[in-house]
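Letters are used for the chains, namely A, B, C and D, taken in the order the chains are written, and counting of residues starts over at 1 for each.
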Amino acid sequence: MTQRAPELRFYDAETALASRYREVRRTTSALAAPLGPEDCTVQSMPDASPTKWHLAHTTWFFETFVLARALPSRSPYDARFGLLFNSYYEAFGERTPRAHRGLMSRPTLDEVHAYRRAIDDEMGRLFERGLDAEIASVVEVGLNHEQQHQELILTDIQHVLSQNPVRPRYFESAPPLASNDSNGGGHAHAPPSLAWLHFPEGLRTIGHAGDTFSFDNETPRHRLLVPAFSLASRLVTCSEYAAFIEDGGYTRPELWLSDGWAARRAEGWEAPLYWEKRGPAYDSFSLHGVRPIDVRAPVAHVSFYEAYAYATWAGARLPTEAEWEISSERVPIAGNFVETGLLMPRPLRETGTAGPHQMFGDVWEWTASAYAPYPGFRPLAGALGEYNGKFMCNQMVLRGGSCFSPASHLRRSYRNFFPPGARWQMTGIRLAKDAT
Amino acid sequence: MTQRAPELRFYDAETALASRYREVRRTTSALAAPLGPEDCTVQSMPDASPTKWHLAHTTWFFETFVLARALPSRSPYDARFGLLFNSYYEAFGERTPRAHRGLMSRPTLDEVHAYRRAIDDEMGRLFERGLDAEIASVVEVGLNHEQQHQELILTDIQHVLSQNPVRPRYFESAPPLASNDSNGGGHAHAPPSLAWLHFPEGLRTIGHAGDTFSFDNETPRHRLLVPAFSLASRLVTCSEYAAFIEDGGYTRPELWLSDGWAARRAEGWEAPLYWEKRGPAYDSFSLHGVRPIDVRAPVAHVSFYEAYAYATWAGARLPTEAEWEISSERVPIAGNFVETGLLMPRPLRETGTAGPHQMFGDVWEWTASAYAPYPGFRPLAGALGEYNGKFMCNQMVLRGGSCFSPASHLRRSYRNFFPPGARWQMTGIRLAKDAT
Amino acid sequence: MTQRAPELRFYDAETALASRYREVRRTTSALAAPLGPEDCTVQSMPDASPTKWHLAHTTWFFETFVLARALPSRSPYDARFGLLFNSYYEAFGERTPRAHRGLMSRPTLDEVHAYRRAIDDEMGRLFERGLDAEIASVVEVGLNHEQQHQELILTDIQHVLSQNPVRPRYFESAPPLASNDSNGGGHAHAPPSLAWLHFPEGLRTIGHAGDTFSFDNETPRHRLLVPAFSLASRLVTCSEYAAFIEDGGYTRPELWLSDGWAARRAEGWEAPLYWEKRGPAYDSFSLHGVRPIDVRAPVAHVSFYEAYAYATWAGARLPTEAEWEISSERVPIAGNFVETGLLMPRPLRETGTAGPHQMFGDVWEWTASAYAPYPGFRPLAGALGEYNGKFMCNQMVLRGGSCFSPASHLRRSYRNFFPPGARWQMTGIRLAKDAT
Amino acid sequence: MTQRAPELRFYDAETALASRYREVRRTTSALAAPLGPEDCTVQSMPDASPTKWHLAHTTWFFETFVLARALPSRSPYDARFGLLFNSYYEAFGERTPRAHRGLMSRPTLDEVHAYRRAIDDEMGRLFERGLDAEIASVVEVGLNHEQQHQELILTDIQHVLSQNPVRPRYFESAPPLASNDSNGGGHAHAPPSLAWLHFPEGLRTIGHAGDTFSFDNETPRHRLLVPAFSLASRLVTCSEYAAFIEDGGYTRPELWLSDGWAARRAEGWEAPLYWEKRGPAYDSFSLHGVRPIDVRAPVAHVSFYEAYAYATWAGARLPTEAEWEISSERVPIAGNFVETGLLMPRPLRETGTAGPHQMFGDVWEWTASAYAPYPGFRPLAGALGEYNGKFMCNQMVLRGGSCFSPASHLRRSYRNFFPPGARWQMTGIRLAKDAT
């Protein structure tokens, strides 16, 4: 947060911030609206959290990091909620183990909604009274944090519903998806063929700088030498990935990282998560229920290990995060985000331009880069310093956002990260190559 | 089920059966009434099931074993419910793994209640049309089965609520328990001191016979030679059990079975389940929330291993199931069952009689007997043969019923059984001794 | 141990005891002789122990229970050996966890043999000086204890060698087994067909009494009412067991106990331990290496769960231990014990008598009886009281001894016990039936 | 391997190669010489291998990658050895699971030594006949591979011996260590105080190039932009690490990575591996047995997680591997390697020079760099391509070599790698800082 002209920034930005606060909070509630109290309570695996927990945790975040700081004499809404809804902030003491979030039948969903409304009211009054730049910057963190949980609400409920033998849908009825009209392989609308876009060697600059919001892990903006490389003009499609499977991709250890092959064997992977063999083709489970895969759409729900194996099979590799960020420089941040309402990746239509296409939205793109601090990285002070830095080990960086991401949440410098075996996120593949 | 005078039995019994059906089903719903959809969805461990599952499974039992058999042309209420609500009947094909019952957010609680009503309506029409003796006997099994699940609804929701860091109560407000008025040790109402009741050696007969209902595992009634023994006149109290703890009961391996000691170490047991040290005394979590233990009440929530260690410490042993059944011969089947509404064990008041007291109700009593077939045991034919026989290994027999049991469900010959490490059931201790 | 005529018993028995001591100790060493230091060091699973550990533990037993008691001022041979070679006696303090016995590369095999010789020398001097009846009785326990470990040396090294991909043999060369001459099914020497031997109901007496040695778990001798039953005249053969497999025995849950079916699935059992499918037939790994099964020989290396499933499939059941003991009353304790040197079960030849045959030797016979204390059971005082009593839970009784058992170790009242899932012991099946 | 002037290289290099082959192989055998067959058989954890396996696997490597390739018509020494002694080459088919290497009692240690001699004889004949450049380069790989296993023989047997409750020594008698003369804190010989060496920003070049041997993962040599940084002049000492412990280093989550804190809790870490609290001080187990730590010596047996937490506590960070390599440019490759015979880290003496000191030998230094391919990395063709590349995930790079490493094995560009939780290797800490 810049300190220049604080007075000016103070009033104008505050109005915008209050408005943005209301908008983000409303969106979160809207995402939970199709779900009943039972749906919102279930935790289907330790990595995923119940919807109810997401609704309450994001609220606890504002209560703890904003209200408790701005109003030191204030009493907590419920003194027990820290124990229940703190995620991982060691600075705030004991908390419920992650894997036990599905054991909390109380507070009820109604009680959590009441909690949301009460904190929103308090926040509204705080906005009216005005807040200083430091608190405003924490509100910004809180809103971006809540947007991350918006995406998690969708990925996690998809996993919950997938575990139910009767495979319920998130939506009451599946919308008629334009993208799905020629499923089964009509070539009329096949995506444009994959082209390679060349980038010369150069001293480049990546990372975030300037007045606008970013997470601490995107800073400092810094220079680095990037060798010449080529980037694929589009994402890998389900059709291409199915060819990898048919060519024995899941049975050839030479294509895989050692840990990847071990995971594949231990977990019995034979296709992306949610894919189910049906005769010669595949169905896939999504928020729309079980439907045939759209062979033209980007493949999703693959782990880093599978992305790596696919890339090796294809005679290519994954891009580094620096290569990805450089390549995105002139690409507008537009695409199939949560706002399209599709909630599934969408095939690329002929565009007439060279690309790269699909850089933002559809699926998060696994990179070859381990999640590590940028040179000179400094975590935020205080408990918010736990937000990003302490996870910089055993995770891989993903870039670009997905069809579950809010558009306003993304940046070219945005660094998402997950362990290499994670598959329940909306994750896919873009290829790269060394320059020849 | 006897075949004598089927006509007579047919009409009269049917009316009684229909009435009893309505009564049992109503009770089940009443037990779930204080719980919301979130409570009814959570599964807190693989051994326990969500309330919603109990509500649906007992209904599926009637649909599958009664309606589908009585009305062969009938369509199932929902073809997917077998997959969801079959417990362990291999004869009915694939089913959801036990540990995954908490993943079913759908059908919702409302939908399960609708399922219950629909099957109840069908059953009502079946009762009106009349049913033959064989079907009637299966209805009897189904009602006794549902009564078992009534008890499990209570034991399982107690465990669910105990796992919540905020420790909610099953009851909105704890009733003023007369039994708890002098908690802290007033001697005015201390239970009568433990006396030993002597039984001479003899050829005895145990097991169920006759026209009335029993489970197959209680048959055949048979003779066996029982050596002379002594039985304790009452249950072990919390006060006595606390003395065992204070005397190092949980730190002295010589008191324990080898497997029990291993379980104690692995699980970190230092007191019964739900007990929590508070200063020099103990609190306990029950359906009434966290309250000080009533030192005069029977100890509950101990495993067989703990019961064995306590008995060894006390210079005694646990009774065999034959000893228990013989001792119960003249004891009326009366006591603190679910109908008292206490839902916790109750201290014994002075009675003026020799006893044995507290044989029925309060807590199930661990016996020294491994659960095994009686000589000449024959399981029921068909899928119902899976009900009892296939569990006759690695389990110990319990006798007498608890404060969670319906009174009409119990018999002197009733054989309950659980693995020796189970603690979440309402289980306690009665001592026995070899005659000297 | 009787107290009658102690003087007489003292001198005569002592000479016999010293002689028996030397014989038992020599046998143990002889069983280890074909094995090198590497073989003697490996532990292939937590349940089994390295040969070196058996050699040392049995020696520690005499040092601790006999020498340390008889010679209170004596210094231990090596003060660290209790930590290493105590098995499970809580009374003697800390010890190495069972699963870590294979981590002890030191002391070396040579050092353990030196330990054995040193303790044998001390024991020899003790025998020369004379020992009182109480110490003599502990020596008896020690010798029987060592004989149990002789059998374990064989079962455990068989498991070790089986885990080696190159499948080494315990014997340098496999002996020409007469019993194996018509493997593949020559009917000339097929075992006599299975007959049912009938026993009427009666008040019977089982258990050990008298002056001779027994373990405490065989006492007290006591009466019990045994209903009429029939016992199979011989053991179940490999041929019969193969028919069970071919009839889908491992794919039909209705034949299995619930825990057995779960174990079968979790472990992937499709045949007895050590059986390997080769075309339409089976090979089996034994101390003689991999060889075709002898279809006429008793099946071995089945768990209680498999024995139960086989019996159910055969329309029979397993005998109780009382039935077994009663049936053995007139059967001489003779058979295929370790002394035959075969070290594998042997087909039954035509005998001309009704039987029961093969009651002793060949394979331990699973009974339907859970291992429990006899009425009035009192464990030995002191640490030896841990020998048997504390294992009386979650185990099933086996009777009769095996081709790995020393002849002098067995009695009609002998109670062996293992958990129902154990398969690495030399365990087989005899059928029984209710009288009709 | 260069192709220039192959004739010249052929003859001269071959003689040197043969000589080096004999030397390396002799060293391996010498390292195993103090160990008996029992020591050489034990596997103490899945990550570590028995000495016998190391002796055989390194031999199998030459047989498989050199002899089988150079002499296509040759029969294998023992056709079963691939199954036993292949480590992880998927290209060579099935192999024994890593965790089962301790189950192989056969072949015996003597048989493995015979295998080594036989392959050495064959290799000797091959050297006499002459080998082409391609085969020679594989021999180079094999020798470097064997040197890696020399280090593993030491780390793995240290772990084996540490698991033995009696704590045996690798050496019969501990040598009088000059480095240990003032243990307990004499300040006369305290190491020089830690200084910071500054390196300006610059385009640097790292990686291996040229004719001499390197592993594929050190290539290609490439340029990168390295920001200004400071490197510590020496390693972190035991004394400094003890101060971290005393300051609550193991109880303060804010110092740790999230995964590191989870590992610390799960494993119960309270000090480096092999440290044992004794009063106010620490003992440590090494190949010399249990001895007081030398507080002046570099700390060893810490995981990356602990190194990270220590660096955070010290207000510093770990160096990247590029920073380390740049800093080492003018440092001679000399230090406390396996050839000193100390087999433990040695305190730094006053040197009179600025340093950096202790860059080579003593302990491997954890870097902040995840193990990843260099830009343009190409694995070797064929099975040897599995050597390095497939492990480039979930591992951290270590630099510099240790007191267990052969001097001739190391290079400035050498990249060692282990998972961040590994502690049984000889691993320590050097600090770095951003330039200020």
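Operating definition for what follows: a contact is a pair of C-beta atoms (placed from the backbone, for glycine too) under 8 Å apart; a residue touches a chain by one contact, two chains touch by 3 or more.
Given the structure is predicted, the values throughout are model-derived calculations rather than measurements.
*Asks:* Which chains lie in contact with each of chain A and chain C?
*Replies:* Common contact partners of chain A and chain C, which must touch each of the two, are B, D.
*Asks:* Under the touch criterion given at the top, what is the topological distance in steps from chain B to chain D?
*Replies:* Minimum number of steps from chain B to chain D: 2.
*Asks:* Nearest whole angstrom, what separates the Cα centre of chain A from the Cα centre of chain B?
*Replies:* Centre separation, chain A to chain B: 47 Å.
*Asks:* Nearest whole angstrom, what separates the Cα centre of chain A from the Cα centre of chain D?
*Replies:* Chain A and chain D have C-alpha centres separated by 38 Å.
*Asks:* Would you please name all pairs of chains that touch?
*Replies:* Final set of chain pairs in contact is A-B, A-D, B-C, C-D.
*Asks:* Touching residues of chain A toward chain D in the complex: what are they?
*Replies:* 88, 90-91, 203, 222-225, 227, 253-254, 256-261, 304-305, 308, 368-370, 372-373, 375-376, 385-386, 390-394, 420, 434
*Asks:* Show me the residue ranges of chain A that touch chain B in the complex, using the header's touch definition.
*Replies:* Contact set of chain A toward chain B: 36-42, 44, 52, 80, 83-84, 96, 100, 102-109, 160-161, 163-166, 168.
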